[in-house]
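The structure follows.
Just so it is clear, A, B, C and D label the chains in written order, and each chain counts residues from 1 on its own.
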Amino acid sequence: MLPPIFGVLFDGIAYGMLLFVLSVGLSVTLGLMNFVNLAHCAFAMLGGYVTVTLVNIFGWPFLATLPISFIAAAVTSVVLERLLYRRLYRASDLDQVLLTIGLAFISVSVAAYIFGTIQQPIATPAALRGSIDFFGIGLGKYRLFLIAVALLVTLAMVIGLEYTRFGAQVRASVDNQRMARGLGIDVDWTFASTFALGSGLAGLGGSLAIEIVGLDPNFSFTYLVYVLIVVSVGGLGSIAGSFAAAMLIGISDIAGKYYVPELGAFLIYLVMVVVLMWKPAGLFGKR
Amino acid sequence: MSAIDTSASAGFALSTRGLSRSFGSLVVARDIELNLPVGARYALIGPNGAGKTTLINLMTGMLAPNAGQIMLGGQDITDLSPQARVKLGLARTFQINSLFAHLNPLEAVTLAVCERRGISPRFWQNIAVNKDAIEEAYDILVRLKLGDCAYQPTRELPYGRQRLLEIALALATKPKVLLLDEPAAGVPQEESGDIFEVVASLSNDLTLLFIEHDMHVVFRFATHIIVLVGGAVFTEGSPAEIAADPGVREVYLGKRHHG
Amino acid sequence: MKRSIIAAAALLAAAALPNAAGAQGTVKIGVISAYSGQFADTAAQIDNGIKLYMKQHGDTVAGKKIEIIRKDTGGPNPDVAKRLAQELVVRDNVDILAGFTLTPEALGAASVATEAKKLMVDMNAATSIITERSPYIVRVSLTLPQIGETAGTWMATKGGAKKAYTMVSDFGPGIDAEGAFQRAFKAAGGEIIGSVRMPIANPDFSAFIQRAKDLNPESIFVFVPGGAQPAAIGKAFAERGLDPAKVKIMSTGEAVDEQAIKAMGDVSLGRLSAWHYDYNLKTKNNAAFVKAFNDEFKRNPDFFAVGGYDGMHLIYEALKKTGGKTDGDSLVAAAKGMKWESPRGPISIDPATRDIIQTVYIRRVEKVGGAIVNVDFDKVENVKDPTHK
Amino acid sequence: MANPTPLTPQGYLLARTDWHPLEIMFWLATLLPFLVFPNYLSLASQIAITALFALSLDIILGYAGVVSLGHAAFFGIGAYSAGLFSKFVWGEPFSGLLVAATLAGLFGYATSFIISRFRHLPLIMITLGLGLLAHEVANSAHWLTGGSDGFQGARTDPVFGLFRFDLYGKTAYAYSLGVLFIVFLCARRLIHSPFGLALRGIRENFNRMPAIGADSRAHIRKAYTIAAVIAGICGALLTQTTNSASLESISFQRSADVLVMLVLGGAGRLYGGLIGAAIFMIARDQFSGIAPQFWYFWIGVLLVAVVMFLPNGILGGLSAIVARWRRK
């Protein structure tokens, strides 16, 4: 028999994994384009609403909606990237912050207009409900699924960025834009497709999140804070950093609540400030 | 190579001891030993990528050395912050203009004068009451032939004027040693003379080290030339000695077209 | 230039001045709620209740036309609520203040009600102290001690649990509920073996639940605000292996509201709660109310909606009694002791405290014909707030 | 901008501190609500407070280039300390302002040592983190602040012992406007001081400052402390004029809103924050009257439009138009 804290830790890890899927896209786009996208969670919310609509209105199975939410978020993001974001790549942090906060505001209102302010319920497939007994602690099946998806995403991203031609182009563009252009890499295209990838992952994260944290029009802002914490603690542009930070936040949140509940939600902010004091560029940051 | 007694650094305005810096395996400064006597007019030359600007960055504290020391008037300043070095009298200009785009020259130079005089923390005082500081700033501008555009925003000034403002900002700190990083970079040939006229007219107490590519200018204004190659001092000597040095011809003068 | 600015200002002023002409024949009700932000759905449901009542009973009462002016606080902002109340009184000349999604809003506006002598109808905010803050406040919703005490007494007696653990959100309503449950549970012979107050913004509950489980309680009392948390904590109970069949999980109504149990699914079965309203309640008026509500808004009413609905009933009946007189003293006098049959059953306004007296139902989550609903199986009638002196 | 009569350099700088007729008109216009909008005085009072808050952000953002997403921390500290002071010591408003300003300033000074180490994105993140931390502290100190139920028990005495805070908000507006004007005068002096010039230098070219011997971090620490003091005064004003304080006063929402207002009006222009705050608050008041649920939609659209078409805010756009018109 394992002591109960292991069960709690497992939950924390699964929660961290969810944060990772939600935030890794932002981390990559920030690192690549140096663009502060505070509307990132609006894409996550979009993914969430796509899933909810397909499941509850069109009767799709939950799993089948996941790729759709990825695509929907990715496509929407490319449209916005071409129309708005692109013009601000060279603008100040402040302008980027303001534009994207504006988009996040709009997303909240639009979601409230279309779907109402109500909390969206979702039925996950029976196979993902309940828990498995593992040496006396219950491991939630959905959380196991979450961990599996997050690991797959990590694997796919590492392989994609390390071993493919696209990955090489992305890395070259991150290292030195001017040189990448000189080598004939279409940096604009690389940016747009990376942006789509990052937002698509956010959309996927939004769909996955409904079961754990629910979905309402305020999602754009509620989870933005957590995502920003993960990204800044992990270091911009670092997949490993986001992964480590998401785990750190997930586990310290859980462990803090278990051992010192009085500290409440305090702990993760404290972790963030301490990490940034120690390493301003984040755990795995280069700059 | 001329032998220099490195033990007596106290007599020099600025000197370095074994100054080294590398980025990974790339060595940008290797064991650099320099001595600038008071009132000297030294030129620092070398091919592109020789580490000239890096050396200025090391001396002014914008880049930390891996090893070595920097002495200003005999005082070890290696661990001081850039602004503390400026306060002790070590100023520089930048190869690429680093100005205050939306301030006008009068404001920019007054800012530098206020910093030197220690009045910039005064948040309760109207700046205009500091008559001495403002007039000092204006005098510097007039001396650098910028008096007629003192009230024009910096970003609207012609490029040559902006290069002069670079020097004016450095002079406002009342330096003992001034490091000029290609003061005439990017300025048309006919205007670069003006800039060096100004440089030449600076007080004789001021110790000068300038980076310059134009050999005519170097030979005209420098009393001493240091040749830097691959992050190390290749040779140094009087203009005549350098001009006659076949090694310098080979590594530097021969391929001067980089510009 | 200057002249044109003054002219423009004068024009604006003319547009902004209260419409004095129509004031004679209208009663203006200023509704202050958190229409935007995290609590937007609460405000929307209260508003639906108000709209339905006005649709059913017409917008004229005692010869006067009812006009609603809505103001958004954006969340628990007492300063905004106070300003909006002031503006409603001085700018829009409202006769009655109503709404109040959240306690801070009600507390912020209370002093305005006192100073302006206006009836203030609390349609939701549930912290006990609210009605004590102004003699012009009447509450038609609920108070958390009302629910908490009933739950505590029931659990220690009919519920048969002797050891309980309490988990509440760390803010006024949660602390109110915690205090009332613990007092009543101990008074009825039970023992509180532990308690935890959880941060209000809290996405993951498993650590708190594990703490509770470590102590092996017979019953757990839960209070979390409505929204995303009820479903999250419900699922976390199941994942940490707390089976409602073995440990009696008692809560207030928010934790097992319609969306929450829908999202939880079967793991919610067996959850207990003490509450004053549910769309599944079998009272005299409820079926018709639920049907009308569904026809109008395509969703089920909840306790927010019924708060708005009953609040309007109180205003209409009070106006009828005063014959259209709208001063606060007459309206409060008319409201005191008022009794009526609400969709939630018989309710009345305590003449001493101006607070609601109502039946509290004990419910269990069950599957009825394939749908998961709260089924009431016990009740305590005429429950007052136990904390008012 | 060519001057027909040649000025001495000192005369030139002195002339720049002169009051422009538009400025005088602006301040005269702030008196209009008493006459023209007597029913809007409590809104006007909150606009004045918010405008002052935007002004305090302008000092660090518009003049020193320090972007903060956690400025509400100081507003909240001021709000709560004024409330606590009035509850436990006495209700005289001016001493309350002083206490709030001092406490907010102390916290500002302490955190300025952290802030001044960062620039750009890490700075945005660290200010966000500190702001959230402050919010969480206020939330968990339920016994002191009332947590999310809001602070209870603030009582403010009449101003000068004579003017009670009335239902119409007459006293509240006069008091807030008075404080706004006095602090504005100080801020105006500050930006025309040697220190203000140094701040503009930091904004224009942070990297050049050390090369002219300036200790930018010391300047930023001082500016941050001053901004915190002003923000604390704003918080105290809100508490005193409404006799309430809440977590909202220290929330991320408030930090974000004030940033939006400042940029909307135009940062680094002293009046930008004031005008931005007025437009934002009036728009909110009007939109939330029409469709309360969706007013943030319009704010969002406005933001996107400002960033895309008016990069220097409304005042920046206006002055560009005026400049173009003059050139013709």
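In the analysis below, a contact is a pair of C-beta atoms (placed from the backbone, for glycine too) under 8 Å apart; a residue touches a chain by one contact, two chains touch by 3 or more.
If you're wondering where the values come from, they're calculated on a predicted model, not measured in any experiment.
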(request) Could you tell me which chains make contact with chain B and chain D both? (result) none
(request) Compare the CA centroid of chain A with every other chain's and tell me the farthest one. (result) B
(request) Can you check how far apart chain B and chain C are, centre to centre, with Cα atoms defining each centre and the answer in Å? (result) 73
(message) Distance between chain A and chain D based on Cα centroids, please, to the nearest Å.
(response) 33
(message) Averaging over Cα atoms per chain, report the distance between chain A and chain B in Å.
(response) 49
(message) As a quick test, compute the distance in whole Å between the mean CA positions of chain C and chain D.
(response) 36
(request) Spell out, as numbers or ranges, the residues of chain A touching 2 or more other chains. (result) 112, 117, 264-265
(message) Quick check on chain C: which residues sit in contact with 2+ other chains?
(response) 37, 40, 43-44, 170, 199
(request) Give every touching pair of chains, nothing left out. (result) A-C, A-D, B-D, C-D
(request) Mind listing the chain C positions that touch chain D in their complex? (result) 2, 5, 9-10, 12-13, 16-18, 33, 35-37, 40, 43-44, 69-72, 74-80, 82-83, 86-87, 89-91, 103-104, 107-108, 111-112, 115-116, 127, 170-172, 175, 199-200
(message) Under the definition above, what is the set of chain D residues touching chain C in their complex?
(response) 25, 29, 32, 36-37, 39-43, 46, 136, 139-140, 142, 146-152, 167-169, 238-239, 242-249, 253, 288-289, 292-296
(request) Would you mind writing out the residues of chain D in touch with chain A in their complex? (result) 61, 67, 69, 114, 117-118, 120-122, 124-126, 128-130, 132-133, 136-137, 139-140, 252, 256, 259-260, 263, 267, 293-294, 296-297, 299-304, 306-308, 311
(message) Under the stated contact criterion, what part of chain B meets chain D in this complex?
(response) 60-62, 81-83, 86-87, 91-92, 94, 98-103, 106-108, 110-112, 114-116, 119-128, 130-131, 133-135, 137-138, 150-152, 169-170, 172-173
(message) Help me check something: in the complex, which residues belonging to chain C touch chain A?
(response) 37-38, 40-41, 43-44, 170, 196-199, 201-204, 206-208, 210-211, 213-214, 226-229, 231-232, 235-236, 238-241, 259-260, 262-263, 265-267, 299
